[in-house]
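The chains carry the letters A, B, C and D, assigned in the order they are written, with residues numbered from 1 in each.
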Amino acid sequence: MKVARDARAIACGLNRTGFVAFPPTSAFRECFPLAGAVVLLWCRAMTKGIPPSSFAGEKLVCIRGERVVFTQLDFRLTNGEALLLLGPNGSGKSSLLRVMAGLLKPADGHLAWNGAPVTDDREGHSARIHYVGHHDAIKPVLSVLENLRFWARLHDPRTGDRTAVTALERMGLERLAEVPGKMLSAGQKRRLNLARLLAAPAPVWLLDEPSVALDRASVKVLEAVIAEHRAGGGMVALSTHADVDLSGARELHLDHFAAAPGVVTGIWA
Amino acid sequence: MDAVTTFFEMGGYARFVWPAYGLVSVVALGLLVMSLRGLRCRQKELAALQERLPGRRGRVWE
Amino acid sequence: MLGLSTPSGFIKVSKLVSPWLWTACVLLIGAGLYFALFVSPADYQQGQTVRIMYIHVPSAWLGMFGYSVMALASAAGLVWKNPLADLVAKASAPIGASFTFLCLATGSLWGKPMWGTWWAWDARLTSMLILLFLYFGYIALQNAFDDPGRGARAAAILALAGFVNVPVIKFSVDWWKTLHQPASLMKMSGPALHPSMLTPLLLMVSGFTCFFVAVLIVRVRTEILAAKIRALRLSEIHAAQGSGVAG
Amino acid sequence: MKRLIEIIRRDLRLALRQGSDSVMVVTFFVLTVILFPFGIGPEANILERVSPGVLWVTALLASMLSLDRLFQADYEDGSLELLALTPTALEILVIGKVAAHWLTTGLPLMIAAPVLAVLLHMNGDGFVALLVTMLLGTPTLSLIGAMGAALVLGARRGGVLLSLLVLPLYIPVLIFGVGAIDSAVQGLDYSAQLLLLGGILLAALPLAPLAAAAALRQALE
């Protein structure tokens, strides 16, 4: 019986990331649990629930406020890989992450998930990514657990409370579960924001300077969580100034893609 | 001589017809002058800017 | 039409068209004025004040024409991301607003002798008043942002929302007007226009429209140069940064 | 659909805990209506004649008070970015926020309106019309207002600008709302006005969130 329940849980996991090997009709799943279980156990052996996939961007051009931030930028991410964005301030690290998340439309070039352009299925793309920006979206009057549960449910309405609680434990915030947001320190707020990554799983993590306001121990926890995520087949794109050591992470220097200073920039170029 | 005065009296409604025409011409001409002045000063500004940045003379718009 | 969609293309075409437009405008308005003031007869009821119609109706027409140009350009700017369309929308707003104001001013100057008050809540005048506030809203929103591109796109959405609402507002004001007062004593433009009145009106309307397009071209060229200046200034700063960090 | 309820539940919880919104809106509504007799004079027949207009105009202004904070709080603390990144259409989330705004402002106004109608000596059979028109009208006000709030996000002096943008678009709702009450008071049939109000609401329901979502996406770029 445990096998069938396990199969269903993984089928849900797979279903969520849009690569369901199973026809979604619940009737089929009900009457063939054993066969389904066998197939899925094989998948589970491969990667912890995240199928092989690639996230790539070709010849991206980003213009912010009539200034060309970067041009002809390419990147490629597959399972288990991490991309470290380096470069001076204003070279477009945050802009690139926002373009990858879909918040910012690139002036040119396109993003592809497994080869298919991302713009075709914006909702599907949003379901695949978690974006952590500079602001921690925490409501001062809501408690820690309420904040986290809200975001987890919004990302995936089927998550139970259990995943939210485990996420809090993982980030060491379980004792503050009932504390309202306004009483949290900057570091605790940042950890609550990062707990969002674990509360509702998504293959791609886009982290914009996640280690800001984190103390030494929390940075260690962050590194462990990222390593676990990558081991499970997830992908991480990270921009940081502090030395968050990511074993085997590829580096992307954004100032290599800056527009030549002489070129007349802006929409008239 | 009275043909001209009767014309300007507008059948006693001169107080309304001429101010109307006057207002329209003032506003229209004002709009035109302001627009042209805006264009002139932009052109001067652009020329000055292009002097300072010789490298950017590439596409001269005026 | 493609030539018009790029800034340099627009400037080339505008240089060709402008002189013709200005001569057409001067000729049309000159002829219109001559017919309006000298040739066309006085109205049997309104007397000489009917001559105000020859500038009131064209102003009303330009007010509405300007708003539709603005809405169309905004739609083009939003849908095809054409930066020139945003500039056309931004340039046409002040012209449209001025003529809407002129329509209200000449309307009240015309209304005073007829209705004895400077302002009458006539359905058309009220709709034009609301249109004037839609213009003010558009212009205020356009300049409320530091980044001009952001202002242009936000104002474009407002222009489209307003454009969708104009017929609803017109209908509700007409309905509201007829509810409170049977058809107004004096139909503004009178019964079917006698040809001697129609020709000056048509001349004036086309003359005003040429004026609108000509001033629009001047303002769009100003906007293009302003954008170019901004781009040059940014690249100047960028260059200063760039040379600092050998990329 | 679950996400819609999630957004409404969170916004209501925020409104309850912060508690300021609906109380402030209703007190503004009550105070402004009470000011009118001091201005127009206490004669019952005059007050009765203007009561629909006074009630509707003040309700309209009151519902506009809390509009500019509709997206501002989320914009500043980064929640708006995450809302835009949820795997569902942003329009649905906008409808959720508008529903929450209506529940915290439109509904309390509808509850307070009949009480104030008594103060203004409104004729008896005008009450039903008042309630029905506000039921149909205030959601439209919230929808159009949300579009305005999204447009002025990140603008300088957003609050003042919002009223300039939104008031001209409120005029049809005001005209038909007051028109319905006027004909109800005269004992005439006012179903035409109600149908028009309903029509405007049904038109605003899809269009306003569409425009608001587009404006929000631009605010986040």
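Keep in mind that, in the parts below, a residue touches a chain if its C-beta (ideal position, glycine included) is under 8 Å from a C-beta of that chain, and two chains touch if they have at least 3 such contacts.
Fair warning: this is a prediction, and the values are worked out from it, not measured in the lab.
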Q: Tally the contacting C-beta pairs at the A-D interface and at the A-C interface, and name the larger one.
A: A-D
Q.
Suppose chain centres are the mean of their C-alpha atoms. Which chain sits farthest from subunit A?
A. B
Q: Could you say which chain's mean Cα position falls nearest to the mean Cα position of the entire protein shown?
A: D
Q: Indicate the whole-number Å distance between the mean C-alpha point of subunit A and the mean C-alpha point of subunit D.
A: 38
(Q) Rounded to a whole Å, what is the gap between the Cα centroids of subunit A and subunit C? (A) 49
**Q.** Distance between the centres, which are taken as Cα means, of subunit D and subunit B, whole angstrom
**A.** 43
Q) Whole-Å distance, subunit A centre to subunit B centre, using C-alpha means? A) 57
Q | subunit A residues counted as touching two or more neighbouring chains | A | 262, 264
Q. Hey, what residues on subunit C touch two or more of the other chains?
A. 7, 150, 228, 232, 235, 239
Q) For subunit B, what residues touch not just one other chain but two or more? A) 55-56, 59
**Q.** subunit C-facing residues of subunit A, complex
**A.** 65-67, 88, 90, 255-256, 258-268
Q | Residue ranges of subunit D in contact with subunit C within the complex | A | 147, 151-152, 154-158, 161, 164-165, 167-169, 171-172, 175-176, 179, 182, 196, 200, 207, 211, 214-215, 218-219, 221
(Q) Which stretch or stretches of subunit B touch subunit C in the complex? (A) 7, 10-13, 16-17, 19-21, 23-24, 27-28, 31-32, 35-36, 38-39, 42-43, 45-46, 49-50, 52-53, 55-56, 59, 61-62
Q. Which of the residues in subunit A end up touching subunit D in this complex?
A. 101-105, 123-124, 126-127, 129, 131, 133-139, 141-142, 146, 150-151, 153-157
Q | Of subunit C, residues touching subunit A in the complex | A | 7, 83, 147-150, 227-228, 230-232, 234-235, 238-239, 241-243, 245, 247
